[in-house]
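Structures for review follow.
Below are two complexes that have chain A in common, paired first with chain B and then with chain C.
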Partner chain A sequence: MSVNLTLLLVMGVLYAIGIYLLLERSLTRVLLGLMLLANATNLLLLATGGYAGLAPVFHKDIPAAAYNDPLPQAFILTSIVISFAVTAFMLSLVYRSWLLSRADQIQDDREDLRVARQDLFDAEEDSEIAIEVSDFHENNQPAASREMIRQVTLKTAKARGQHPGGGHGPGSRPGTGGGA
Partner chain B sequence: MVAVVAPLMFSRWGRSAFYLLAAVPAASFAWLLAQYGNVYSASRPSPALDVPWIPTLGLNLTFRMDQLSWLMSLLVLGVGALVLAYCARYFKTDDAGLGGFGAQLLAFAGAMFGLVTADNLILLFVFWELTTVLSYLLIGYARTRIAARRAALQALIVTTFGGLAMLVGLIMVGEGAGTYSISGLLARAPALVAAGGTPGTVLDVGVALVLVGAVTKSALLPFHFWLPGAMAAPTPVSAYLHAAAMVKAGIYLVARLAPGFSGTEYWQVLLTVLGLSTMLLGGWRALRQHDLKLILAYGTVSQLGFLTVVVGLGSREAALAGMVLVLAHGLFKAALFLVVGIIDHQSGTRDIRELSGVFRSAPKLGVVALVGAASMAGLPPLAGFVAKESVFSAFAANARYGAAGPVLEVAVLALMVLGSVLTFAYSARFLWGGFARKPGLPVTAFEPVGWLFLGAPALLSTLTLALGVYPAPMETWIAPYSAQFAALDPHGLHLRLWHGFTLPLALSAVVVAGGASMFLLRGRFEALQGKLPPMPDLERGYRQSVVVLDLVAIWVTGRTQRGSLFFYLAVILATAVASVGAVLVLTEPSWAGQRYFLDMGSPLQLVAGAAIVVGAVAAARADKRFMAVLMVSVTGYGVALIFALQGAPDLALTQMLVETIILVAFVLAMRSLPAGLRERAAGARKLVRILLGAGFGAVMVLVGIVAMGSRTATPVSLSLPKMAYEGGGGLNVVNVTLVDIRAWDTFGEISVLAVAATGVASLIFVRGRGQRLARAETVATGSVGRIGGPGMLPSAVVELAKRFAVVPADPWLVAGRTLAPERRSIIFEVVTRLVFHSIIVLSIYLLLAGHNGTGGGFAGGLVAGLALTIRYLAGGRFELAEATRISAGTLLGLGLAAAALTGMVPLFLGGEIFQSAILGFDLPVFGHVKFVTSTLFDIGVYLVVVGLVIDVLRSLGSEIDQHEEDGIGAITLIEDDEPLEVVR
Partner chain C sequence: MSVASLAPLAVALPMLGAALAFVLIRHPRAQRRVSLAILALTLALEVLVLAVVWTSGPVAVHLGGWAPPFGIVMVADQFSSLLLVVSSAVSLSVLVFASGQGAADGEEGGPVSVFHPTYLILVAGVSNAFLAGDLFNLYVGFEILLTASYVLMTLGGTGSRIRAGITYVVVSVVSSMLFLIAIAMVYGATGTVTLADLAVKLGQLDPGTQHVLHVLLLVAFGIKAAVFPLSFWLPDSYPTAPAPVTAVFAGLLTKVGVYAIIRTETLLFPTDHFNAVLLWVALLTMVVGILGALAQTDIKRLLSFTLVSHIGYMIFGVGLSSVAGLAATIFYVIHHITIQTSLFMVTGLVERRGGTSAILRLGGLAKLSPVLAVLYFIPAMNLAGIPPFSGFLGKLGLLQAGVADGSPLAYTLVVGGVVASLLTLLVMARVWNRVFWRSTADAEDPDPVLLATAPDASGGRSMRALRTSRYVDATEGRFSGEDEIPILPRMMVYSTMGLVALGVALSVFAGPLFELSRHAAEGMLARTPYIEAVLGAGAQTGVAP
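This part shows the complex of A and B:
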């Protein structure tokens, strides 16, 4: 099959600049990059149709090969309209981001960064717990084991107190509060 | 199945529902006894049930009730029934989650029964894991207690680890032997093991992995620590799972595979070494515990090690002795656990440093415990004694006749005796600790024990006694199983209470003497234990490894999950460039195909292409927001030109329309953002972006050349024009493709459009779709969009505008008067008035003509959208509201409904989905009209597109106007969503 270098080269430039813009922090540039990528992809699809041809409007005297390939055209039509919808959606995202934080910049995810800094102490796994010697300890607890539980709880509290958790105090980390 | 409805029963009958649940295994138990004749009939094969499940994987629901299964089922179901009945008195009727607990316990009994009767390796594994999961739920019954949750998780992790190793092993064994049927496997095993070579090695390793599963489940070293931890479970659970049933699963597996695989490479070493060391360690640890339940738990660990050695030996005598020990252990250990449960229930503690004088308060309970503990210690005339005697004689025979040489085997026997001494000592410690009166301790308050509560352990102890005095039935039950092994002792082994003065009796005497002295000297012994350096604590090792796992997880997460979109995208793109590029370089692709630079059909392509490149580069370099947007639009129009030159008028038209509307939308949405594009990243990051962009573009060009160059088949689309005309009844092939040939795609697409439109509206309006746009009548003339402040426009211009605004003539636009005078443009309003209706007519023409010529639902919808855009721009948001009295949501819904109906109706008329029909009829003026039903689909598309454009206009246009006027756009910082609510 024949290969149209003009289309492909133009497509290559669009892809390159699209990616370049996509990697920006500015949401507006990201959106513009996406639009360029969409155009590039449409050109790629178009190039698969080969040489320029007649518009695909059926006439019984024209051989099928004389038309420009209608199948990629159908795909591109779909793609154009979807890109429009996505662009509109992104536009409202940009506006809303501006409204909320006065910035159209992509921020690093603070939760993700926090995950990397979290410490190993997990109340569910690592806190010290009392040794239980009965299944029925709530309602019928001998004094000795009550005292034992109290002491161990104190010790645990102290251990947690010395464990500030990588710079922020206990309770400032989400998700470990209840321990359940 | 009863387990599913169990929670309902509990809400009705409270804790007594346990009796009903207990009836299920009890009935099964009775059925099992009735099956005795079938199972032990010499002439008939064992009862079996075979239901194909996934035959392609060799996975069938095969159950087989042979003698070993029967024996194990006896234990599983019998103890299960008793424990469930016991639960009815153990729990309080208002305990939370009792229904679920009962259901899990019963389901566990079912899973265990399935496990011991399954005759397919994979099915066995399924039941195996079911017991693991159910045990997790049962151990963690007390959800509010951290100890219970932690123990449950630990047991789950350890046993699942073993289970996974076992799965690998089972598959190796199954594939190696060529069958997943257990009975078939055992029949083939000896020949395969004898053959050796690679298949033999596969079997060796596979069986060793299976044994890892058994070792974790039966809590042998080095995984024993989960069993004492699991004592956080309610005591009935411990009695059932951790004495009679679940931990026996590993023993059962060893017993089941022993006839075929006890000769494999790693079998004896693994089981004997682990078993004996577990036996000694468990006994040693049991002597240090103060919690009655923990004494029993370490005792169980010890006994499981003992059982493993015996059952795994693979001689006829050992098989018999091992199974007797399994039965005896199940009976006495379950009874003892239940006794501990009663003590705990009545006195509120299990600590032997607090209990005192219990025997005097509850003598019946004491007797039951005495029988159990004596059986555990191996005293006559109890089942435990019979079992221990037969084990000793089996191993004595092994030492005399065995293959491994007398020294080694005598050592094994000696260690067993030592383990039994420890067993005796901790049995005594248990009894003393639980029941004796201790000097210096007050007598523990102990409530009287009811008969219903005591019934289950009492029955178990009675059986212990009965089978001790009269052990013959056990021999009959076990004989068919043990007959699978070769006998070592020419005299054979028979179960008897009294053998005469033999070696085993002497050994028992040693055990009693040693154990008794150890118990009597317990004070010194504890002191000795305290002095010895502590043994490495494997539970700590487990926790350390979990900590290391956490560390690694955090490290990996921190390195990969950076929270930076740039990082993620760069990694993805670099991977794409590198992998595709490598393939292109390494595989020497065919560059066949004719390449040309200038398409003779359309030389203008070069010009359009150059324009696009210039536009794209300018867009990348622009540092003013609107400049960048405009430059991107240039590329868009350029692409439209290329479409037109290539022979795709539909595409060109649609692209032009879309570019125009997007341009308007951009201007509308970005008017409140600053003009400059700030913060151009510099340095390394910029270089990465340039490299990635250039690399990606180059790779895509190469991919395009190679892909198209290597294409040899004729395009499928050559048949499309004819198909479109004959099947779709239209001349425009692209349009017919969209609405008929590939209608499903288009339907999906318009759904996306509807979703995107809704998304746009909800992002801007936040609450509600803004259905309640005010009518123009309610707005004062000239009040909307005041620019405000003098000096914005020359005063003469404002004066002129004001005069124009108050001319009493018919307004050109319905709501034009609402705009502030300085915003109005007479020319724009007049032009809008003139062209609006023409454009709408044009859009409808495009919609209807699209089937045969250029146009279609998309183009038509976009043109209508443009007409509305012009109205909005000329007359403001009230003009738009007046022009679109039907809400965008309604339009979207109508459009989707029309498209869906077009798809569905043919189904009812006997056609296929989205099949179109061609209707011909005569109309008075138009003559013969050909109507294709897919036009209705296109109308749906049209409506959806119009709805989308209206949503964009109302959100990015009207609503942002409103924000601007309300001053929201000027607020410096809004912290959260709440203040966004627009005050109307």
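This part shows the complex of A and C:
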């Protein structure tokens, strides 16, 4: 099977530009990138059907090698319809995003940022130790560990103080325990 | 001509239902009834098909009467018809759940009226992917379900959904593009896209070409199935969607990717060439996924990470490419579709009951709403793999298959599987401790809804607890309706109960189910039943065993 070199080159260029645009942060460019990728893929499908200039459909007098395979063209039609629908939908998403945030940019996920910011050491996990009120128990511990408990307690109390409505119940106890 | 020839109706019926639901878009009640009836009918039909295929083996339906390599063919073998039944059962209960939510909140005429038709199209796409007998039809099935999922993902068009939706759409489109490129190359190399025909012809290609095609397909399906290096889109996009949508996505969409990987590995490329790669990928998916879950403080995001992690188990079984491994994978897929969906549905209920899905803002739900606590506890322990449940049986099957394989890599995977399972237990217990077990007063920043609602009284009253503007500051805008809205509508609670019960039933009937899985795995690894069903007996002379 011989392949049309022009088609191949165009396809390669489309893929290259498409991938470049896809990696941009601007949504419109990403969308354009997707469209170029879709078209490049359509060309690839077209290339599998044989080269240009052959008979378009099968007729019983034509030898098998002399007509163009119609199946890839059917694939391309399906693929065009799908990418058309998806492009329209993407466009509406981009527009909606512009309406909501006035920015044609891919937004960061707030929850992602929050998880990335959180401490490796979760004070809340260990706050139970600090609630231990028995002095007797505390004196048994080495001084360094007592100091650590005090630090943690202070930190927890501070963290809880920032939340409205978190100051009642057992949550307020570590603050007094730490000060003692 | 048997009942199994009706299998394509599993695609056609939901499509018809979607059309009817579109016509009834101004009549929400009629729309709900039609969608539910259609899905129930589809489920009944698929059970019939499964019953026939269980004994007779794969059945191929030649659409339009065209001979196999040329026409479009739909194939129901044991694996695909089993998946059809489970996916329809799950999507039916999620539809009941969503209908309960819609009926309770009275969101009629809003964007939610698009939900039912779109949902049915999604179901049709999933069925089409399971039944597809050629690569291009598989692609079309993927596109149907993806396009429907784009709409469902961005339902309502709020800021966070648009943000997540864009990521989701771009990633999905790129993976579909890769799939289409793979189809073009496969067609260029062999001149056919019928799976059974490819099974014969791909083996005759030059090994280099085979590897290129194989890797292309694996990457395309790997993105859809969310295996490790290709999984970052999933926890980013799933949690923002409405609760029923997340539930059905988590249950079905990634499994369609896993299904495609299994077909690729068994039917198209039965060689062991990439098995080591698959095993490594499986290990990384299991461990990295569950480590991600450890860092999360939102139940939906946490569950999305466990979803990624447990995809690793399925890939583990595929990578072993033994009957035992594949059978365990099939069992695990069935188990995981049910359990993951029911966990997300419970999370939807928790969100309604407690006002949020942020773990730090919740507490004391075990006392406030014992029903929810039980509904969470059973599937959570099931997912973690605690002995009497199907999660344990599936993992046990996989670990046994790994030990039977005996290679050092397989043993590494066995250890990794156990570690991931223990970490899942840790994550699930953490949610349990904070959301259900501790007292409400211990919550760091309790949600107003949680503080305002009184504990449910016993029995039926728990589902009648009310959420009104009296309880919540109207400026928040979330629950500022005039009417009293039931917090836990009965339909939502009962549908969740139904799915949790199905999960338990999978444990009770694990014996026959495992038998069926083994049967299906043997057939898929032998390949001849499938190929002969499509191409006719004697057509597979060129197949190397």
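Structural remarks
The definition used in the following text is that the second predicted complex is superposed on the first by the 113 of 180 C-alpha atoms of A that agree within 3 Å, B and C clash if a C-alpha of one lies under 4 Å from a C-alpha of the other, contacts with A are read in each partner's own complex, and residues count from 1 in each chain.
The rule we apply is simple: contacts are C-beta pairs under 8 Å (C-beta built on N, C-alpha and C of every residue); 3 or more make two chains touch, one makes a residue touch a chain.
If you're wondering where the values come from, they're calculated on a predicted model, not measured in any experiment.
Applying the stated contact rule after C-alpha superposition, one finds that A:Leu71 touches each of chain B and chain C.
By the touch criterion stated above, A:Ile82 is placed in contact with chain B and with chain C alike. Of the two partner chains placed by superposition, chain B and chain C are both touched by A:Val115.
Between chain B and chain C, it is B that contacts the larger number of residues in chain A.
By the touch criterion defined above, A:Tyr20 lies against chain B but remains apart from chain C after alignment on the C-alpha atoms of chain A.
By the touch criterion defined above, A:Val10 reaches chain B but does not reach chain C. With the contact threshold set out at the top, residues 1, 22, 44, 47-48, 69, 71-72, 78, 82-83, 85-86, 89, 93-94, 96, 100-101, 106, 109-112, 115, 118, 124 of chain A are in contact with chain B in one structure and with chain C in the other. Contact residues on chain A toward chain B in their complex (touch as defined above): 1-26, 28-29, 32, 35-36, 39-40, 42-44, 46-49, 51-60, 64-65, 67-74, 76-78, 80-89, 91-96, 98-102, 104-106, 108-113, 115-118, 120, 122, 124-127, 129-137, 140-142, 144-145, 179-180. Against chain C, in their complex, chain A makes its touches with residues 1, 22, 27, 30, 34, 37-38, 41, 44-45, 47-48, 69, 71-72, 75, 78-79, 82-83, 85-86, 89-90, 93-94, 96-97, 100-101, 106-107, 109-112, 115, 118, 124, 160, 163-166, 168-171. Those residues of chain C that touch chain A in the shared complex are 136, 140, 143, 147, 150-151, 154, 157, 159-160, 162-167, 169-170, 173-174, 176-177, 180-181, 183-185, 187-188, 191, 193, 236, 239, 295-298, 301, 439, 441-442, 444-446, 451.
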